[in-house]
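In order of appearance the chains are A, B, C, D, E and F, and numbering begins at 1 in each one.
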Amino acid sequence: MRKIKIEKNYLKHAEGSCMFSMGETKVLCVASVEERVPPFVEKKGENYGWVTAEYSMLPRSCNERSSRNKLSNGGRAQEISRLIGRCLRAAVDLSKLGKRTITVDCDVIRADGGTRTASINGGFIALAAALQNLKKRKLINKIPVRDYVGAVSVGLYGGGKKILDLSAKEDNNAELDMNVVMTSKGNFIEIQGTAEGAPFSKKEMDDLLKMAYQGIKIVTSAQKKALGGL
Amino acid sequence: MRKIKIEKNYLKHAEGSCMFSMGETKVLCVASVEERVPPFVEKKGENYGWVTAEYSMLPRSCNERSSRNKLSNGGRAQEISRLIGRCLRAAVDLSKLGKRTITVDCDVIRADGGTRTASINGGFIALAAALQNLKKRKLINKIPVRDYVGAVSVGLYGGGKKILDLSAKEDNNAELDMNVVMTSKGNFIEIQGTAEGAPFSKKEMDDLLKMAYQGIKIVTSAQKKALGGL
Amino acid sequence: MRKIKIEKNYLKHAEGSCMFSMGETKVLCVASVEERVPPFVEKKGENYGWVTAEYSMLPRSCNERSSRNKLSNGGRAQEISRLIGRCLRAAVDLSKLGKRTITVDCDVIRADGGTRTASINGGFIALAAALQNLKKRKLINKIPVRDYVGAVSVGLYGGGKKILDLSAKEDNNAELDMNVVMTSKGNFIEIQGTAEGAPFSKKEMDDLLKMAYQGIKIVTSAQKKALGGL
Amino acid sequence: MRKIKIEKNYLKHAEGSCMFSMGETKVLCVASVEERVPPFVEKKGENYGWVTAEYSMLPRSCNERSSRNKLSNGGRAQEISRLIGRCLRAAVDLSKLGKRTITVDCDVIRADGGTRTASINGGFIALAAALQNLKKRKLINKIPVRDYVGAVSVGLYGGGKKILDLSAKEDNNAELDMNVVMTSKGNFIEIQGTAEGAPFSKKEMDDLLKMAYQGIKIVTSAQKKALGGL
Amino acid sequence: MRKIKIEKNYLKHAEGSCMFSMGETKVLCVASVEERVPPFVEKKGENYGWVTAEYSMLPRSCNERSSRNKLSNGGRAQEISRLIGRCLRAAVDLSKLGKRTITVDCDVIRADGGTRTASINGGFIALAAALQNLKKRKLINKIPVRDYVGAVSVGLYGGGKKILDLSAKEDNNAELDMNVVMTSKGNFIEIQGTAEGAPFSKKEMDDLLKMAYQGIKIVTSAQKKALGGL
Amino acid sequence: MRKIKIEKNYLKHAEGSCMFSMGETKVLCVASVEERVPPFVEKKGENYGWVTAEYSMLPRSCNERSSRNKLSNGGRAQEISRLIGRCLRAAVDLSKLGKRTITVDCDVIRADGGTRTASINGGFIALAAALQNLKKRKLINKIPVRDYVGAVSVGLYGGGKKILDLSAKEDNNAELDMNVVMTSKGNFIEIQGTAEGAPFSKKEMDDLLKMAYQGIKIVTSAQKKALGGL
């Protein structure tokens, strides 16, 4: 597992933010609060809120420069944005958020593998910091977070070797790449595994999921420390 | 598990095709062969080919009409296209396909839940039929399919009840929605599970994966029958 | 004239639909009813409704696959959509439709010439079936159709030979391609003729229009039979 | 028939151009020659050329301003561009043009009905002037024009009254609007007629086509005068 | 300084318009009045209005044809539109315009250098003519123009030679290109200078600004004459 | 003048980079080198290179969040990109750069006024650092920089008070906003001044330009220090 570094409140003017690093991978996560909800949330009831996310890569975050156009099209960025949004919503009791939308922007400053898991990990901190901020300003009474949420990648690499938290080089050559999102208590929020070459067995998956939980416990305890409790 | 119906060679002029139905869900799957590969495949070697997929919904496939614009944007269609492509590539030994690209178009005629799994199931048939066609025309010696590939959704619904092959109504209210793609031999190609409400436990996932394999065996044996062996 | 085949109510959940075939050409026509009208119709009066159409080709409907992007851009699809919409509106007394919009989607499953005329022919059935549906549900008292509307292509081919209902091969080599839309009583709704090579004479046009009416009578009597009267 | 005014060579730096007015309607038509052809023309043979057209309206050409975006999207501009291109190609023997493309831009300065027919009429002059220019510069030996080509609208208005060359006001209220493109010798290149309300009879069409030819003879003789013969 | 030619009221149906020429450069400037303002202006107060501009080039305005797509994208057209809008707003007391928006469209018919300054010069006339029109129709009591506004380019060319009103050829080879927008009384509204090669000195700038004012006095006195006073 | 902070080599994998802050404004500037040039540069000669820039704002860089779509469209970002590119090109002797393109991405992390000048200042450092890198790797013999280039904004605020380096609050209420780009030796590369309300006099401009040079000297000496000489 690569080293985690969290610079909380990286942007002082935003409701919540952090620069989140896992090894060389570095994502700026910023939560913005707006006092309105989209129409389909409005129907759910008085006090319902919404959490959404946007993921984007800076042109030179990878080893070679990519055009902004290429990075924002093609579906990959939208697919990851949707994943982050789902995971952060699962962390929050939306029925207690009040009629507001929190948008979490995850902009990848440097990409060395695991940008989607880093975005979830840092995005959770930005979101929770924004909720702490709302509580401090007495806009909510209680922080409506169900549990800490962490994410990590696991995979098979180099002929079936099981590895945790893949770097870009490992990810590009992995035989199986699996992203796991869990709560600090060990339940699952999202699991996505893809065989890049040969299919994988149930036994291999089970071993990787155990390894993933070890990593996620490291993540959530770093989140707890950075947030000073919720 | 809803009833499977396969109309093979639905489009006679295409290299491979089928209309695939699972209950009310109906997807037209068409494989087109082109004698060229994208540049990044060309680098892999002489005989390498490529398989890709595109997923799209007709405007009135759902209960209410959606605009074509809305259906093709927003990332959902691209995300599913990428999933289908990955799964079909995993079914084929690309190094024995020859310098050609097979594009599998999955156009949803009627959507009642499970359109992505129906697209994988029908897409596999269209792809395999196109390969049978190439063999018949002596463009390949052997059909380079590793194993039959089937997909099914499983989930938790109505307070933790485990269900197989969710309809649209079930899917919209599911507590957990999981898409599982496996080979007929029981290995995994892709697994995607998302907690829509509370997180889920390892035990729940394991039970659902067993149920999924039961469904996938039904799918792959229907594929075998439709294709008459590979 | 190629053989007509009509599968009415192909999509049971839609207000009106049919799969319409003329020879190898096959178009899925689906009518969707929405209880609102665009602003410029609202101005016309209380009871005015609107009918509009959208035409699109599936990527492998032609002999070779085309990209979705290419098929939906370039103006051809929009030009045909507008033509179908005009012809279907001419078939209906919009002042008696009530404040609702009927959108007729014409998605070409297989294209072997005459996709625009097949779309009008099948689109009329989908539209009329939706109106039958509205009457059955007592939302309208009377089906506000003026007359059956049929379309056919005629042309000059192979050195001035007059032909009816051109296939793709004939269409691509025609010296004159003319699309004719008429009522069952023999009046004109739309006529579009284009000299692809040498200009054509009034005599040639007159002969072709007579031939077109023969074809349209076959179309409208097939429509009558499929709809069981209006 | 409204008054025709032709300002030939309105743009001195272009190969061919004219400002063409029919009553209040005013279109700037400019022909640009490029010494290359699109790939599908290249296949036809050594000496083949291509003619194409683009139609566009300035934002305040109509009585009320429209946004540039609205004017260039929606298919109408592309449909008319394609019509103009077809008609101008029919006027020229492309096999004698040489390996070059002539693009005729028709930008509507003022729109008071009949902008597409004015574009064809003025576009023909710009095209022919560009060909005169090529001959003068000895790039071609002979001007490869088959015949003068003129266009005019005819219609039914005010309860069946037959009228020639409709203004915007007449066009918006016409019961039948027909665009006719003919050679000076009286043959047809394109005919497009649309019943806006009730369908029209063969007799009505025949009368209108006679009237159209009267108008087109006026157009082509104005073209001849402006071009000083071909 | 090239010769100025002003054809006022070139489009009779528009509130204000002129064809403005400076030498070979020719811009059609048209002012359109709409009785509504954008939301951010609405906040400023009851009687506030808005002035905005759009700049566009016709495809063959330059020596070689450019595609419409290329001309409207890439930022250049938007940058110039914003410049024209700022300069015209500076000419008007928006708090006395009333709740209305005046859009000034500047469409370049022929581009031989100085299209942005010609657009400001002609745009001012179109705008002022529209205001005269509003006053005549008693929609405003007084024409809320602060002063005449003229624009001119100056530059260094051919090894430091100071020149006024650059043609396209001069502009393309200039060492310094500066656009200056001033009132008839000699104050500045906008100044934009760019060293194309070596940087320039304060002395060079001062000399060029003096020269610019000589040119602008010629422009504003031509505007006064065309408008017949304000 | 606000405090300048420069974090050179912020992204270690890029050829040149810095995080540049002026007060609260913070821009990540990254230079990427590619060993090819655009076609119009290729024509200039063997050894010619190219420098270009892209400017973009992160969604929450401002006090309120803006959508990514809104930030990248509308011309402002492109206009600033072009400005930065011109200024950086003026700093370099392109004829000695070799056949390579350096793209300088300026992504605004936090916007509190002066983002375009901060982008030029930080962009120069990223560019020069990339050139140092090329020299170290012996791809060029000499760093082809003509002089240090700095930018600063000056303006009139609060009733004619002259101020240097405007914050967002000052910028939004300025009567005159002028961006000045100069070399360390005191020559001009670009000057852009816009009267937001009343026009400004020559005297006011002259005073502001003197003040600007004071600021630019501070900028260029910070650049020298960060780069350790060129």
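Just so it is clear, contacts are C-beta pairs under 8 Å (C-beta built on N, C-alpha and C of every residue); 3 or more make two chains touch, one makes a residue touch a chain.
Nothing here was measured: the structure is a model prediction, and the numbers come from that model.
Peer 1: Need the graph distance between subunit D and subunit F over the touch network, please.
Peer 2: 2
Peer 1: Which is the least count of steps on a path of touching chains running from subunit A to subunit E?
Peer 2: 2
Peer 1: More than half of C-D's contact pairs recur, by residue number, in one of E-F, A-F or D-E. Which one?
Peer 2: Selected from E-F, A-F or D-E as the counterpart of C-D: E-F.
Peer 1: Do subunit D and subunit E, two copies of one chain sequence, contact each other through the same residue numbers, with over half in common, or through different ones?
Peer 2: same
Peer 1: Measuring centre to centre with C-alpha atoms, which chain is farthest from subunit D?
Peer 2: When every chain centre is compared against subunit D, the largest gap points to A.
Peer 1: Need the most distant chain from subunit F, centre defined as the mean of C-alpha atoms.
Peer 2: Result for the farthest chain: C.
Peer 1: How many angstrom lie between the centres of subunit A and subunit C, each centre taken as the mean Cα position?
Peer 2: About 50 Å separates the centre of subunit A from that of subunit C.
Peer 1: From the mean C-alpha coordinate of subunit A to that of subunit B, what's the distance rounded to whole Å?
Peer 2: Chain centroid spacing, subunit A to subunit B, equals 28 Å.
Peer 1: Indicate the whole-number Å distance between the mean C-alpha point of subunit A and the mean C-alpha point of subunit D.
Peer 2: From the centre of subunit A to the centre of subunit D is 59 Å.
Peer 1: Residues of subunit E touching 2+ other chains?
Peer 2: Where subunit E is concerned, no single residue meets two or more other chains.
Peer 1: Select the category (line, ring, star, complete, other) that matches the graph of chains linked by touching.
Peer 2: ring
Peer 1: Any idea which subunit B residues touch subunit C in the complex?
Peer 2: Within the complex, subunit B contacts subunit C at residues 11, 13-14, 17, 24, 28, 30, 32, 34, 54, 56, 58-60, 63-65, 68, 72, 103, 105, 107, 109-110.
Peer 1: Subunit F touches which residues of subunit E in the complex?
Peer 2: Going through subunit E, the ones touching subunit F are 74-79, 81-82, 86, 90, 147, 182-183, 187-195, 197-202, 205, 209.
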